[in-house]
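In the two complexes that follow, subunit A is the common piece, with subunit B as its partner first and subunit C second.
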Partner chain A sequence: MWYRSASFILDKQQQQQQQNDTVTNPESRPLSPASTAMAAENPNANISMYYQTRAAHHGVVTNDWLAQAQAAVGGNTDDSVSDNYVSGGEEENKRYSVVDEFNNWRKQPELAEAVAAIRALASVIRSSQATTMMELEIELKKASDALKSWDTTSISLTAGCDLFMRYVTRTSALEYEDFNSAKSRLLERAEKFGEISYKARRIIAMLSQDFIFDGCTILVHGFSRVVLEVLRTAAQNKKLFRVFCTEGRPDRTGLRLSNELAKLDVPVKLLIDSAVAYSMDEVDMVFVGADGVVESGGIINMMGTYQIALVAKSMNKPVYVAAESYKFARLYPLDQKDMVPALRPIDFGVPIPSKVEVETSARDYTPPQYLTLLFTDLGVLTPSVVSDELIQLYL
Partner chain B sequence: MPDVHSLVNECVTKLKKRKVEGSKATAKLTAELLRSFISQQRLPHSNQAGSLIDAVKAVGEKLIAANPVELAVGNVVRRVLHIIREEDLSLTTAAVGGLSLAAESDDEDDTEHDDHPVLSATAVAAAARNALRPPSLQTLLEDIPHSVAAPHTSSSGGDSEGKSKSADKNSVTRKLKHNVIEAVNELIQEISTCHEQIAEQAVEHIHHNEVILTLGSSRTVMEFLCAAKEKKRSFRVFVAEGAPRYQGHALAKELAARGLQTTVITDSAVFAMISRVNMVIVGAHAVMANGGVIAPVGLNMVALAAQRHAVPFVVLAGVHKLCPLYPHNPEVLLNELKSPSELLDFGEFSDCLDFGSGTGSPLLHVVNPAFDYVPPNLVSLFITDTGGHNPSYMYRLIADYYSADDLVVRGKSTS
Partner chain C sequence: MDPRRVSRTVSDPKVRHVGFFAPPAPPDRSQSGPPDPTSSSPPVSGISPPGNSLSPVMIPPPRQPSTDLVRHYPHAPLHSPLGDPRAADSSVPVGSYNPSEFLSPSATTDCSDDPLSPGLSRMGSSGKFAMSLPSEEFDMPVAKLNDDVNMPPNVSDGGANMEVQKEKRAAGGKPLKEKTTKAERRAMQEAQRAAKAAAKGEGSKASAAPATGVNSTKTGKPVKPDAPKKDNSVVTASEKKGGDRQPDKDRKKDAPHPRMQFDDENRVEKAKKRSVVKQTEARNRVELFRHLPQYEHGTRLPELESKFFKLDPVHPAVYKVGLQYLAGDISGGNARCIATLQAFQESIRDYSTPPEKALIRDLTTKINSYVSFLIECRPLSISMGNAIRFLKTRIANLPLNLSESEAKANLISDIERFINEKIIIADKVIVKHAATKVRDGDVLLTYASSSAVEMILLQAHELGKQFRVVIVDSQPKLEGQRLIRRLVGKGISCTYTHLNAVSYVMHEATKVFLGASSVLSNGTVYSRVGTACVAMVAHQFRVPVLICCEAYKFHERVQLDSICFNELGDPDAVSRDYARKEINSLDGRANSENLQFLNLIYDATPSDYVSMIITDYGMVPPTSVPVIVREYHRDHLWT
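Right, the complex of A and B next:
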């Protein structure tokens, strides 16, 4: 069974404890990270923290979740937790606090990952004792590495950290002769970045309005807050359109999205993932978000996006991607397996014999030739523009 | 200035009544009008660029509204706006560079400058340059507000040495207008000579014993083919007549007069002949930001035939045809429906086209669109004044020639 953590902060401390002790006892710790639980069923499971903690945002309560919640509150004593704090060295505390800070920011459902990362790095700057830019840079690098290693599979997290580090090392930021003013400037920009996230979604929503015409049918896959903003703005502008949502197994993204859309009075139709080709005839355009936009102009998104893009392309339907610009990452996957694997357990509802393997990857790569346009806060872009933008930033 | 207003209104009427048609003619008309408008414009002391931009936007809005399908008008307006911003930028960076040098030498000035964050001139210049470029990843975080640059110049303007500085400022004012008008002159020159620039590249693309297909008549294509002929290339041309205006006939006559072996075919025969063709060369009405082409009607069909038989589809377009907008629903919104009389003779069909029968709407409808939309994946190459480019490269040219702020040309409402 996939164990969802009742509170991801507790869960994280659990993991910390586990790393310290060598003996793990799955029965007495119902909250043990899914990796050990899954290890029993699936030898090559390596559940990414990203999907684990995202579960906390799901708001779907099941019985076993409740059971674990109760166990978590009862089973885990605070002593062991505080011990960890005390025993941890300076470095560990630092690392702890960055990731904690990050998790704190991530609790806000509206805040994007990359923005939370940058805010966490900003807090590092604020609490830093450095007196020169070099020192500050080194501290930031350590913190950024810590964040990245906490979840190696999340692309927007990596991209956000890289973007901020890049900004810190650029000479224009160092134009200031006075260290304190430079530091305060860095802080100010990092704080402002949070607003950018929200503004970015609004800009993207504005840009995509022209592409949604009255009477159109939009196919949506996955639960992207950006795409939701686009549709919300269109509904507010009194556009008449209907939405097809794919179910989005096993995350049930379609159910959540259809909930949100129903609140907006937008006609929604739920499709099972296999019904996409069947309904593609009636569809006018496909709208997806992105976990990351890679150098080739392709996107990495929830499993199933590539499939839908293939069907759409073969039937001449445009595929639009809504992604903020800080999701541009310096990756160039050559095929589907060329990325850091992000695995997530799938609950089939019935027990699977142990000999049967399950494909548990949570995301896929859609090459740029299947995408029509990308809506970003930098404007409407064709996929070929992405590499140009990245070159401008990193060279 | 009543003179300027009457000039503007005259141009607006010309555009509305379609007295001036075709991208080159309208582009030239717009550019010349804006030049006279700017030269007659009286600019205030501070923020001249801003007021000039507003004024041009107001005029531009009127011009664009007169003929929204003629995208060249909007293109030229946006080019001029971009020119104004660029000239203003280069002047301010020169001014800042000069003033900061003067400031460093004088102790009095330093105390004034303490109020502002200590920025070197290069930082301000870099920031201002970023403000001009379209938003990018690096400008996301970098956002030094424009107001920082302004107090810098104004504080040094309020000096006791104000007189010499204000004299400088006056010359700055005059310089801006002067520079802008020079640049607009260059733009007009560029529009006039776009044919020659494109024709120069003909030799690289047309080789011996090739068969070229074209549809309708485009002056750019004609000059292109003739330039290749001048350079002693021998090749044949198939000209599809381009119903319903049959401009292909005129083109065929011209080409034959220049000594080129020409064949006239109907539009419907294009698919039959395309397998015998080496290359398709056509002109365009406008090129959109995604690389899609607004072309005379019939060219979408030719493009599809060319793709089917793996024949390169080359589009010749002057830079003034490059439009920074994305086409959504171009078949309807960017199209013009011409008169049905070009297709059907009213005398013969008057009873079918009669409004008085039964439901009050005629049983026979005639649709005569002027343009076609060719999606970017069907185009192999764009040849512009600056050289040959991929459709996916168009965004770069757009970023060079236009500013992101000018995408929507709307004059500020006078309250």
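Right, the complex of A and C next:
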């Protein structure tokens, strides 16, 4: 069943491509030591799992993918998953596998990856057989490390795990004499955190309503569940607005968003990615989601966000970012190349000559000076407050 | 004790509402700090406590007092003079501010008075105290600072002060309540201000006259308090004004104000009188920078050396460090800071509290005198200022029940900890963070010589990263040459050029690493002169600029340019021709009236040019400097 998923098809394409031109595709070739190490766990090591998932969830919808998503939402646990993803060690099978759990949660298209990770970590606490607080903490640490190394390209996963560890373990509960009550306290905190994260999207949607005025034109890029939630809430509030959707190559997630918006009876116009500057003068504001919000206050998001922000800045249009606080990461990229590369295959529709190099990076970094405001569940922030929040969270 | 405490707690919140304010001077804190931390800490913490601020978009609390003020002023006129006591009672607990302070300036000065003088006056009769002073001062004949020159006036003021205080208490409520309108109050204030000014003029004249001999002033002083007592109220008032101002000035003298305006003739005169180091001012100073101290280079050192055995009050370790500053043997923010702290450590080790003195207070004055000595040798760097503030806070917060040896051990270990945690380990953390930003194939550009940047380069090299270094240097110090020698010695491939060529070499650089003397609250980087130029060029070329700076160097001040606060170096250094040392084309021109040399030491880099600041708390944008100042420098405790 898993093998019939969209992501698998992409995966296979990638492998074929590799076999075909082993030398000619250096972009996807080089394996950093870290990614080789984790290759054992993750069969798709050199393409980003995060973007695989996104493509699978929000890309152009195929019928069998829909069926699979339905099954996943139904809570149908997929046995083949563990064969695929777990490192196959015996001790993994004996113990509870957090990656498994995570993957189960992850299959719900509405559930963000970080929230899935948080839920998975919470269930680690629940099913833990540890008898001391220390043991439990170590176990938790191991689990979050496993999750993080499972997909190093996903910023929200890493940040979500880190924040969870902070939020859950940094509590007086650890001082309790009685282990069981301490554990239940931890669990309570973990669930609360999961709950907060889950509700984050609603909060953001509420907060951003003040910024959408009647008659405005909004440019959105790619597919973001938060942005969709914002627009949906605005539509429900009887606001009159128009949306320009970019196509969102290569996985064409913009098509999906325009589809959703059309269902809400919002006037939508679809643009190809290169038509952004052309239509920017009609646009009143730019709304984007984020894969990660970094310490400088800039965002890491799907490829193309940076250029949209640049165009918007040069035309003095506000750029709003909707991002949940669990996407705040302690990263500080200085430029575009200063990140762990997240690669994904790109289908150009025609065979690419082997001599042609392909830029396969899936995301870019938008520096804070091009962003106007960030809508988060902590409030509406200027980019410089992100660092403030991070310092308070982590130090 | 009690009445003062009350007035203090009342007056403190007022401070909080004024918006910008300077944190209370350390000696002040020694009094108010420990007993009522609640009243002293909130203003310092400023914006909002981090813990309970869930929402970062908090709106600052409304300014209570101003509204209060508005509400209460209408009340004040209603009170007839008859209603006095009740009015007084009701007005004080109004709490957050003291209306009397607004009503009469005299009351204000009384409340915000330097704790020392009322303390002294309360301790006993001024005469008695004056008796005890000379015995102590005589063994420091070299016009030793505060105690000598300042105490006697202080004492006399104490007397006068007490007198006036009594008087006021007696006449007390009336003047407060009698005022009815704002205009009247203003007129009153105006009058008092005039009186104050007059008294000040008098005082300065008076002090100038007998200033020929320190002893004469001293012997003269104890007599003085008697005179004003007999005088009529005008004189007492004016005298009191002088008195109240005096301790204020004393405090400034103790630790000469870091931003003393050196174009103010009076102050310079006074400062000179106090100074240990004889300083001849440079001729032909640049007009725009006249407010900064500038002395002839090399005139001070030999003289100071000859004084070594005469300078009792300055501990030899401190003295040595001072000489090293003067000679330029120790330079660089961290090195200077560590040297200072270690000298203080040494002096604390050798310190013993004189009989009938409190360690907390006496040691603070001692440290103050050391600090002013060091300032005379070379103006303090901001990092040193922070470190000294830390030390003073530590002294002030010592538990009273500690024995002397325990207290000393405490302080010494505190200093040790500060050096270790805030400087040495901080540097290691910075290096660790920064090394992650160095990638293979990078061309790193750096300016002059920063210890942190050097460590980063060496560490990155040790990690086996392949990179090249471009060192940009500038006259007159040419510090980069030493750096390049060390780097080349380690086998790092380097390019060396002068600042003139920076726009040429910048296009090949991929990152710019710079050190900093300090980072200010608005993200402005205060660093070696030339840094701003390099950062600006880098910004223009879209090369990221990384500032490496330990968090203890952060300062809550805001500075927009490099004019109002800076340091002037030896003007002759600029005039020299480095290429051909034997020829000095400007020789003989130095005395020309229309030629001025400007040798600035620091400049301010606007935060726009800075991509990232690497500190011991991680890599943060320049906008986060105030966050770190707020979170970690609270009360200067450097948690």
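Note that in this section the second predicted complex is superposed on the first by the 297 of 395 C-alpha atoms of A that agree within 3 Å, B and C clash if a C-alpha of one lies under 4 Å from a C-alpha of the other, contacts with A are read in each partner's own complex, and residues count from 1 in each chain.
In this text, a residue touches a chain if its C-beta (ideal position, glycine included) is under 8 Å from a C-beta of that chain, and two chains touch if they have at least 3 such contacts.
Everything numeric in this text was worked out from a predicted model, so none of it was measured.
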Contacts of A:Q129 with subunit B and subunit C, given as first, second, both or neither: neither
Partner chain in contact with A:I391 - subunit B first, subunit C second, else both or neither: second
Touched partner set for A:V380, first subunit B, second subunit C, both or neither: both
Dominant toucher of subunit A (residue count), subunit B or subunit C: B
Contacts of A:E295 with subunit B and subunit C, given as first, second, both or neither: second
Which of subunit B and subunit C A:N180 touches, first, second, both or neither: neither
Touched partner set for A:D210, first subunit B, second subunit C, both or neither: first
Partner chain in contact with A:D335 - subunit B first, subunit C second, else both or neither: second
Footprint overlap on subunit A, where subunit B in one structure and subunit C in the other make contact: 378-381, 384-385, 388-389, 392
Subunit A residues touching subunit C - in the complex, by the definition given at the top: 295-297, 330, 332, 334-335, 338, 368, 378-381, 384-385, 387-389, 391-392, 394-395
Subunit A residues within the subunit B interface of the complex: 163-164, 167, 170, 172, 175-178, 181, 189, 192-193, 196, 210-211, 213, 325-326, 328, 373, 377-385, 388-390, 392-393
Residue numbers on subunit C that touch subunit A, as the complex places them: 50, 54-57, 437, 439, 511, 544, 546, 611-612, 617-621, 623-624, 627-628, 631
Subunit B residues within the subunit A interface of the complex: 117-120, 122-123, 126-127, 134-138, 140-143, 289-291, 326, 328-329, 376, 392-393, 395-396, 404
